[in-house]
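Working notes for the structure below.
We call the chains A, B, C and D, going by the order they appear; numbering starts again at 1 in every chain.
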Amino acid sequence: MSKVMSMRDAVAANVHDGDVVAIEGFTHLICFAAGHEIIRQRKRDLTLARLTPDLIYDQMVAAGTARKLVFSWLGNPGVGGLHAIRRRVEDADPSPLELEEYSHFGMVGRYTAGASNLPFFPLRSYFETDLPKANPLIRPIRSPYGEETVYAVPPLKPDVTVVHAQRADAEGNTQMWGLLGCQKEAAFAAERVIVVVEELVEEAVIRADPNRTVIPGLIVDAVVVEPFGAHPSYVQGSYDRDNRFYRDWDAIAREAATTQAWLDEWVYGVSGRAEYVEKLGTERVASLRPSGAAPSGSVDYGVYR
Amino acid sequence: MSKVMSMRDAVAANVHDGDVVAIEGFTHLICFAAGHEIIRQRKRDLTLARLTPDLIYDQMVAAGTARKLVFSWLGNPGVGGLHAIRRRVEDADPSPLELEEYSHFGMVGRYTAGASNLPFFPLRSYFETDLPKANPLIRPIRSPYGEETVYAVPPLKPDVTVVHAQRADAEGNTQMWGLLGCQKEAAFAAERVIVVVEELVEEAVIRADPNRTVIPGLIVDAVVVEPFGAHPSYVQGSYDRDNRFYRDWDAIAREAATTQAWLDEWVYGVSGRAEYVEKLGTERVASLRPSGAAPSGSVDYGVYR
Amino acid sequence: MSEPRAAGPGGGSAAGVPGAPASAFSKSEMMIVAAARELAGQRVCFVGVGLPNIAVNLARLTVAPTLELVYESGAFGAVPARLPLSIGDPTIVTGATAVVSMFELFSFYLQGGLVDVGFLGAAQIDRFGNINSTVIGDYDHPKTRLPGSGGACEIAINARQVFVIMRQSKRSFVDRIDFRTSPGNLGGAEAAARIRREEGWLGRGPSVVVTDLGIYHFDDSGEMRLDSIHPGATLDQIRDTIGWDPKVAEPLATTHAPTPEELRLIREELDPEGAYTK
Amino acid sequence: MSEPRAAGPGGGSAAGVPGAPASAFSKSEMMIVAAARELAGQRVCFVGVGLPNIAVNLARLTVAPTLELVYESGAFGAVPARLPLSIGDPTIVTGATAVVSMFELFSFYLQGGLVDVGFLGAAQIDRFGNINSTVIGDYDHPKTRLPGSGGACEIAINARQVFVIMRQSKRSFVDRIDFRTSPGNLGGAEAAARIRREEGWLGRGPSVVVTDLGIYHFDDSGEMRLDSIHPGATLDQIRDTIGWDPKVAEPLATTHAPTPEELRLIREELDPEGAYTK
């Protein structure tokens, strides 16, 4: 059964006001195309979950979609802060933003517990820090073997998780390579899953290398084909991280007015990702292509009858 | 630094009397070659850990290497029981064998806790069963969120884990495909790791597809190149499961005498795996090759300078 | 363990559906076919070793073409080109949709609630569908040491429902099992429902038991009830092979005999060596 | 944030090793070089975002050629062909030894005890090496909202030892940090050792702090001690940029100035745009 649909339909059908939304991807494979469509559809009161809110959530927060962030590292990696988010956190400008804060491993553990239907996930972190005071959902748990105490985090089960990947078949069987982050856990933990891919492939391509499959179609609700949909994030083997944009954003986001002007031009002002890519220009796009191929090589699974 | 050595040296250096040994692999990639070398070197008082003790541990138990099994499913899959083990369990013949029993997920959780340095692993199993009575190490644990109670298993940290794989480089960076079982967890949980491969490859082969790497050389102590080292188990893409031998073993192992005769001929009577394969004969070996190739295809990681 | 193919007199179809006469198939074949048919409409099935393996593969070729087979060994969406002897076999990997670690399989697929049907065999079962696959006799001094849980314990708890396939005998259908490996309806439906709710189980427990003589479902009290008797089997045979007085549905249906196509698939494609059906 | 390259008078080598005069390198370059040298002899280093990223990559090209870089993003044995701006970048993947999920990276590599050195930056640090990277001011009403832990909290607890690299100032080297994101030697070495033992930490805590002015190790009381001052820096500068009266080793060493090769690697290969060293 084909689940292929437009980004507009996928977001309209699967993202609702008030939802807990996870657009995951650790620097790699961040689906800006989905974030922008959520902005265009003026979704409201979302709780946005992500290890690293990154520019994607700075934009979504600036656009007024969110009332809360669940996260572990809030910044523009290698550049600085996320100014739209900081305005709301530091100055309640234009309104406060609720924060629920963990560490990276805490967030990974939360998705893992959500995906595994566990009531908690244990980890060796948080000892002697102020994090459990800042977030009372981080709780000590005593081992049933001996005296030891570790910490626990609660499950995180997003209403919808969005995952970007190199390829999937029409049913949503999804393969990715390069940094995998915690997309698998975030997808299995979610009520609904939107998969966005650079390339739609035949089922036979997936079945030729079943060990490469990260997300099974079984848990996927929508497949969106959106080339360059991760820009300014990147797709291993397909395009590079647009570090220039990450730096540019620092200046854009410093003022509310320039931020809104950017959203007007690049999000509200385009109908979707295809138009965004066209606006970006062929030169910028070409400059982000890898300088050469680095093939994985093929392995043999063998025919067994 | 090359860690390549003979099976004899790898076992002599890494397996000691009294050790907890895990030769893992769920039906796939079971390293019989290592088990046989442990028998030949007359190791004693081993605690043998494995989800499915399989023929490999039936043979090692029959040879007197073990005082205890840690396991979750004790049988010859699709055929019947493991008779040498049953003789010791049911009739203490020639001596008792201690059993420590979990479920599959419990064993996986134990390795995961061992690999993660966690004092326990929680899971939703064992409710209302007799397993926690049979094994008091399976213990209830209360969630710190609400009233819920699940079960916990303790970490399992083998002294040595043996893993068979399709290929590794000389440092022990190991790639496998097909069923992955819980070899990764068992290897990370272990004090020492022996990797046995069908093929030794250049580092560049590994680095061409880093997502395929299951075990890093970082945790590997010995690399043994032993083609056909998993027979009668199998290696995806390389050779088939020898179901005929699995069935034959049922008759061989029914009597202590025939079991010992088999060990004399096929284990003590050969110097190592190469001689075993020669004895098996080219026809038998050829009959186990896949009937055709099923290539995974290659993906592109891209060059980024 | 050999069993004559001619299983008794009469048989045939209960409702006009063409089926082979009872003399034309073995009790094992009838059991496998009946179990496969119960899978109609199911989406994701967790495949155990042994009889479940052949029943599930027959279902995929007949009543449940979209059935996704999950093997505890880590294969999802397997399309085995031959019937594997073990649940770990290279043929369940080549061409599968996904192959994952056992951690992932048990954590995300099973415990995460994605498995519709867990399909189990057993050595002993009681009237409430509680299962023993661990020992006959005392645990510490067993008469017979059986394989143990494998994944059966967590399958019984986390699969949305559980199907059981096993041959009937006084030794296997017992008033009191020697060891509870996999929980069924515990001491009855009401207590079981309460405990499942309190302990947060995803599974609703056992829903069908298919034997070589008939098909059982569970009534409101959580007890097994014979709903269909296989052609050629008698109620006396049923009672002689159960360690309690079994409930019998009124009216009692007769199982449709295997169709020629079902028999052909078993004999020619799935099990030409007769490993499961002898 | 620009900083003049001419950092002061004098400098050069402390022990006859050839080095550039202090006027020939910036304070940031000195800091990066000093941090890289501390990695000599280390095997597995967990790389944080920012300054650790360049220091670690310089170490791999100089004193620690067999250093395995672990990025929290999931790359192990990375061989980046360029200096990544972020710790997630396609260049750390292509040609790496292994790329794994973050669950695996944090569970098996870090928490499993395989990381020798965790390399952290920070916004605030106290004399015992406790680190704040969460907020300046009150948590609920922050003056400045910083990024937060990321992996820093679990790195501080599970890496065998922790290296810190950060610029000195009265705002960053403080008597009392506003929020403890990553534990160091807590209130002193003795209590810290006891707590680490009781709570089963793998890490021995912070072992070195490299700044733009000098190199600190931790003495027996668990307190930071200035062991080496960078060429061009003065003790007055040191004291003017620390919020407590710092311990100073006697005799106090002078850090070897960067060698021409170290400077060449930073300027031509690692950071030609001067993103880290401006």
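Keep this in mind: a contact is a pair of C-beta atoms (placed from the backbone, for glycine too) under 8 Å apart; a residue touches a chain by one contact, two chains touch by 3 or more.
If you're wondering where the values come from, they're calculated on a predicted model, not measured in any experiment.
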Intersection of contact partners for chain A and chain D: B
Of all other chains, the one whose Cα centre sits farthest from chain D: C
Pair sharing more residue contacts (C-beta pairs) when B-C is set against B-D: B-C
Centre-to-centre distance between chain D and chain C (centres being mean Cα positions), rounded to whole Å: 60
Where chain B and chain C are represented by their mean Cα positions, the distance between them in whole Å: 29
Intercentroid distance (Cα basis), chain B paired with chain A, Å: 37
Centre-to-centre distance between chain D and chain B (centres being mean Cα positions), rounded to whole Å: 41
Where chain D touches two or more other chains at once, by residue number: 75, 89-90, 93-95, 99-100, 107, 111, 158, 200, 202
Chain B residues counted as touching two or more neighbouring chains: 112, 117-119, 123-124, 148, 150, 177-178, 180, 184-185, 211, 236-237, 240, 290, 294, 301-305
Pairwise touch network: line, ring, star, complete, or other: other
Pairs of chains found to touch, sorted by chain label: A-B, A-C, A-D, B-C, B-D
Residue ranges of chain C in contact with chain B within the complex: 49-50, 53, 72-75, 84-90, 93-95, 99-103, 106-107, 110-111, 134, 139, 142-154, 157-158, 179-183, 186, 195, 199-202, 275
Touching residues (chain side chain B, partner chain D) in the complex: 112, 115-119, 173, 184-185, 188, 206-207, 210-211, 213, 216-219, 301-305
In the complex, chain C residues that touch chain A: 44, 68, 75-77, 79, 81-82, 89-91, 93-100, 104, 107-108, 111-114, 158, 200, 202
Residue ranges of chain B in contact with chain C within the complex: 26-28, 51-52, 71-75, 77-79, 81, 85-86, 89-90, 101-105, 108, 112, 123-131, 133-134, 148-150, 177-182, 184-185, 234, 236-237, 240-241, 243, 246, 290, 294
Sites on chain A touched by chain B in the complex: 117-124, 137, 139-141, 143-146, 148, 150, 152, 154, 166, 175, 177-178, 180, 205, 208-209, 211-212, 236-238, 240, 290-305
